[in-house]
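Taking it in order: structure first as structure tokens, then the write-up.
We just call them A, B, C and D in the order they show up, numbering each chain from 1.
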Amino acid sequence: MDYDFIPKGHNRCSFGTFAAGMVILGVIVLWGFYAAALCWIKGLNQTNMNDSYGFALWIWADLAVIAIGGGAFFTGLLRYVIGLDELKNIINFAVIVGFCCYCSAMLILAIDIGQPLRGWFIFWHANVHSMLTEVAFCLSLYLCVLAIEYLPLILENGKIDEVPFFHNLSHTMHGAMAVFAATGAFLSCFHQGSLGGVTGVLFGRPFGYREGIFVWPWTFFLYTWSAAACGPCFTMLTCKITETITGKRLVKDNVYDLLAKISGWMIGTYIVAKIADTVYWATVTSPSMGFGLMDYYSLHPLHHGIWILILEIVVCGVVPALILISQKGRATKPLFNLAIVLAVLGVCLNRWVMVMTPMAMPVMTFDSWVTYFPSWQEIATTILPFAGGIMVVALSYRYLPVFPQEKELNSKR
Amino acid sequence: MKKETEHKPGKKYGMVIDLDKCTGCGSCMAACMAENNVPCKDDESNKLSSITWIRVYRLTNRKPFPETEICYLPRPCMHCGGVGDQGHSPCVSVCPATATDYDHGTGIVSQIYTRCFGCRYCMAACPYHARYFNWWDPVWPGDLKKTLSPNVSPRMRGVVEKCSFCFHRYQLAMEKAYVEGRRDLEEGEYQTACTQACPSGAITFGDLDNPDHAVAKMKEHPNAFRLLERLQTNPKVYYISSREWVRRAGDNYLKNEPTNSKPRAAAHHG
Amino acid sequence: MKIDRRSFLALGLGAAAGTAFTPLPWKLTDDASIWTQNWRWLPLPEDGDVTYETTACTLCPGGCGIRVRKVKDRIVKIEGLPEHPVNQGGICALGISGTQILYGGSRVTSPMRRSGDRGKNEWTRITWDEALAEVKAQINALVDADKADTIACITGSDRGTVPLLFKRLLAVLGSPNFMTTATMEDSYRAVFRKMHGLKGPVDVRFDFENTGFVLSFGSGLIEGWGSPLRMIRAANVWKANKTPMIQVEQRLSNTAAFSGGLLAVNPGTEADLALGLCHAIISGNLHQAGSVSGFAEFANLLKQKYSVDTVATKTGLKATAIVDLARKFANPASRSVAVCGRGKGTTAGSMREFMAVHALNILAGRVNAPGGVFAVPAPDDIAWAGDTVMTSAISGKTRIDEAGTGAYTLADSLLNRIPSGIVEKGESSIGLLFVSEANPVYTLSGTKNVRKAFKKIPYIVSFATCLDDTTAYADLILPNHSYLERYQDVPVRAGLSKPLVNLTKPVSAPVYDTQNVGDTVISIAKSLEGSVAEAFPWENYEDCLAKTLGGRWETLKEKGFVEGEANPVALGNVILPSEMPDIPAISGDGNLPLILLPKDSMRLWGDAVADPPFALKIVPDTELKGTETVVEVSPKTAVAQGLEDGKEAVLTTTLKSVTVKVAVSDGIMDGVVAIPRGLGRSSAEKYLDDKGVNVCELMEPQEDKVSGFDAVIGTRASLKRA
Amino acid sequence: MSTSNHEADSLAPGEAPDRKQGAPGGVIVLFFIVGFALSMAFGWLVFPKLLYSEKNQPFDFNHKIHMDLVDSGCESCHVFREDGTYAGVPTLAQCADCHQDVQGESKDEEVFVNEYVANEKEVPWLIYSRQPDCVFFSHAAHVKMAEMECKECHGDIGESESLKVYRENRITGYSQDIWGENIAGIRKNTWDGMKMTDCGKCHEERMGSKGPCFQCHK
């Protein structure tokens, strides 16, 4: 039925199967938009957020998707700026995943603010001292860059390509891709960093506050580094999932291996920096504000015990780093898969701990720690971008030549 | 036309709250709500979404009965000046839309509710929980609308609000002074609603820098302290308590640190 | 010319590009955000001339002066009156919330006739003429049936012209059944009668401003006992002067916390402690000599039953602590005073406790002494022609509550005896009931019985300003102006050191179709014609006020209050008891493991007036959470009963089982459950309606054998995990 | 950015095979221009008309006549209250001081006296310079302290002989005078607009800064 639109020489599932999947995802998306509409029309009272959890599920989801969407800028950087040519085989996919992640982030932000119609004040009445302003500017610019990077791929759809204007546009854009990739990397470094800064500058919140250099707290650099380290893991993870679902091999092992090796070293270096940061914070910064390390982890041991720190740094940091750095680890499929899953979990956990907890963590000695569970509206709107993302990836995979190696890898059979 | 270019040294309005006098009655909270058009929802027992610009906390010495002691501590906005009173208060610096700022003329952290778009970053920044989010549209059913004061604009849902040290009272006092050809206020001309209402007279309000104002002397009391001084937020609300455990509860200390330990002298962010 | 899709695409692109160069998108974006800044469903406070007017607050017996801030004709805020002797500018949360009573959703907006079952709050609006005609018919029917003496009236106070107008109406109709709700002041009066042989109206006053040592037996001195604002100021004077404050209580109430001198005794042993202190004083020969009869017998009683050691065991205190306290208390230089009346003093309490504490004051020479407790004559400055004739006409008649006769000579009014009387008899001895500024269905213990009894009363007329539990049982409501819309003289008791009369003024025009209750009573009387009408010779209530108050009327109108002087009553011979009444302070089933004690919260008002929204909003979540009362228990009790902080539990007494939430607190004795008073109201407005449980529903009343008042201070209970 | 070796890649720009005959480039450009022009016309000419609704004042008022009759200019009727606050538009009581009965021959005065004075009803004037509720504006600070003239913000309404039509923004409910008559927001005179930017501009010029939020917001 949609045969004309499917890239030539590629096998795709039947339109019926595809449409069924799309309908299921579409329903989830609609459910999400219904929840979002409730939030827009009735306000944030639809959530279970409160004055201790003003930063809650959404903000975490926001930071997490941006972190795991970091694969796009970092792979782009490696491919176009550093010149690792093998990565051209995964770069398209990285861009699509990144694009989905950033769209999700923007959507969640649009729901998360109390007065969405005034959202543009962040640009118009910008406060340059605020990390959030920096985030808003870089984030929206980078989303444009991602769109520009994604566009030529869309234009390569056989049907669209028939139009000479689009054909030419696509061609011209290809040429300029390195410039965009560089711009994207630059913007990403900044907004990933400023997202780290969001927590790091909160000098009223000892759990989140970090010292740093100039206007940037250490979290600024840690966030950029961790996104660069774990973003590609998410790209690989989603790629592996796509391979599983489609039952095809899409990217050659040497590409995975290269990206994983780089990720491994990135995670390794990141985790060393993170440990150094944690030690300095626990022994110098925090005590100067009157907090010992265990003060943070003993208030609510079940909810936020020291286990969370160990889980983040050791289990989801050191372990995947070691696996991915070692040749053997990368070569052993289950270990490799475990490592990329752990790395993704690690960066998400880091965002969770760094974004939600500083606000919920009592600072006044007589204040108390409360727990929070999101409302269905929050959950629905958080699932919405994931479902939407899967739709975009599926559509792209079906109709666009995303994987250059697909034909080769699958014609052997 | 007279140009207002002359810059006089700014004032630094602040509060001294004598916790030995506070009974925990909650008048300050009610007076504040009545003064500032703070609405009431059907259910306000969830204190995590209940707007009370000044909130009375109940502190205990955490000893078993009957050695237990309780101290009530009213907490308005601290109107932090930041290091050196340069206006680097935790919340002001983070607001992405410049919807809140530091008034160097009065030392008050001021805000525009209609500018705020509800990102709640300032709430995350404030360790005192002094900022409140309007999760709901305010409602005054029936004739309760008649209780609304025109001096303070009701806030819509989706924005953050907090104690303003009754700034509209400052504005009104200044208007009166202007019409009378003055530019300065007497101590009694500008007082907050909570100060006025307190049955114990536990709250004193005035210019912390003006030696003629009571607060200037009171803040030097040996038992005076501020909340979370070690964070270098530089609050403008001082507390006095004769009880050591209360003063210690005002800040965080490591196990063996003596009360009143200051932060290390390291250069602070910003 | 060939036109295809692409041409239209170009048209669209051109339009889009063109639009970007017009103000349209930018202006719309701006206007959309401005729209959010002026949402039309948000109320816009109207501006106007600002004026201040002074009046008095009547929401509690405290007698504070207030000033209202008006914008045009709206009252936007109530503040304390700086020049008023009671509060000197301060004001409590309830007082501030007065605007929400004036404009609140619980106001009765016109005369109403009941249209549904009692308690259901279903009403039909009627006119004033219809309403007054109905009252007239009811009265006439009883007069014709020679049952005029079954007309009864319940008011919140017996002071000032309005209660006296009611009293007069009853008297001229031939009914002695004028009743008021009993407070700790009535118990003090009973004590003066019992232990000093005083007759007639006598008031208690406390010279707190000159006190040097305060020993409080569970009185919530800063929670609202007496005059709340005066007490807070006095307590601050004590603190400034380092005056010791000893609070005998089972939990760290605001008073206990403020005093820093909590003395935790076992529940219900306060009287024993007082007697133990008496014993210590006598055995230490520290007592003040005076004209005392029955001293030897009293001393013997103490020796036999209340020796320091016995009391130490009973109360859980150390004997040395008791002796030490007694020594300090009895030291003449201490200028000490012992105070009782539980919580806010809105209940009468047990005579055993009042007598024991008063004996302590007597032994220490603290009665009618500077800084101590005084007996003063109640003001009798309201005198109307024919008073004596009417009084003597009804003096022979027996009151329904039997107050002042037989076994009940100490009390003037025993409202608490009415419900049990009606329920026992199975029929109402009251033919027609007036209720004004009182809420007996809510405030009397054993609510279930009270409701049953009120259902049996043939006709109830309520003069309420706001709907409440009692008004829900009325047949007719003749709504009163709120205190901000009416003139009324309000003599203040509340233990003030000087007599004080406040005047409320109509600082707001009537918001609804209501009428000053004074005017309503006068017009009822006038409608009855004959001798009844003649007894009310005034044109209207204002005329009555002007003529009654004489020279003070103008002063009151101008200044808002008049302060007087009162000389103490000569006490004559003191009669110390030879036997203490044996009334268990804790009612209920002894098999239940815990003791339930009501707590008078500083932010919850448990009397006739319910918490308006502001006051309710500041109630901590350790007293009310959602729609459930939160009870306070100690960590040990929680463990023993398997309870968890913040979780639900079932609270059971002999009367009722209710679901509550649990707050575990360090500030309470093991084995005790504290429950806030003031919740569980029905027919208030939506903010408070059906939230929590009324303490009175759980408490079995306990008639005091000496006074006849309800003596219950606590009840046995169990608290189990829900 | 695809790197797939699609066959189209081998084609040079512009050489794309024209499989279907479409409209010629000229037509497309023409359509683009038409679209552009139409939307320009709509945005600049029609949109402002749609945005505002027109409302008439209850009756007309001649400022000029009144100005000639009073001694202390605008402040004769637009008074400061004793507490220093500004009363704004005169109340009925103020006007009725003179206009208890009809004095002149104007129809508008007749309406005023017969409909409002006689019924003791305040005139529901539509106020051109009404600021939203969130704004605090101190006339005392500007007029008394800074000695600014009314005209500087209000223009020459004091010399007008009749009241102009009141235009209300349908979305915001603001008077058109806040944004200014020029839809693009261009100002020629100081009184051409009363938006926050207008206040801010003047404050920056004369005070050195816009001032803190609370200076103008409540």
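Observations, loosely collected:
What we mean here is this: contacts are C-beta pairs under 8 Å (C-beta built on N, C-alpha and C of every residue); 3 or more make two chains touch, one makes a residue touch a chain.
Because the structure is predicted, anything quoted here is derived from the model rather than measured.
Put simply, the chain closest to the centre of the protein, by Cα centroids, is B. Each of C-D and A-B has its own count of C-beta contacts, and the greater count is at A-B. Distance from the chain C centre to the chain D centre is 56 Å, each centre being the mean of its Cα atoms. Rounded to whole angstrom units, the spacing between the C-alpha centres of chain A and chain B is 39.
Distance between chain centres (mean CA atoms), chain B to chain D: 36 Å.
Remark: chain A and chain C have CA centroids separated by 61 Å (rounded to whole angstrom). Annotation for chain A: residues 115, 118, 121 touch two or more other chains. Shown for chain D are the residues that touch two or more other chains, namely 83, 85, 132-134. Residue positions 46, 58, 99, 114-115, 137, 153-154, 156, 158 of chain B each touch two or more of the other chains.
Of all the residues in chain A, the ones that touch chain B in their complex are 43-45, 49-55, 112-116, 118-119, 121-122, 124-127, 129-133, 136, 198, 201-206, 209, 211-212, 215, 217, 287-292, 295, 358-359, 363-367, 370. Remark: chain B residues 1-5, 7, 99-106, 108, 110-115, 151-154, 164, 167-168, 171-172, 174-181, 183 touch chain D in the complex. Residue ranges on chain C touching chain A, taken from their complex, read 29, 32-33, 35-36.
For chain C in complex with chain D, the touching residues are 1-4, 6-8, 10-19, 21-24, 27-28, 31-32, 34-35, 37-38, 40, 44-45, 47, 49-50.
Only residues 36-37, 39, 41-43, 45-48, 69, 71, 74-80, 87, 89-93, 96-97, 99-100, 103-105, 222, 228-229, 232-233, 235-236, 239, 252, 254, 257-258, 260, 262, 264, 511, 602-603, 613-621, 624-627, 634-635, 666-670, 686-687 of chain C touch chain B when the two sit together in their complex.
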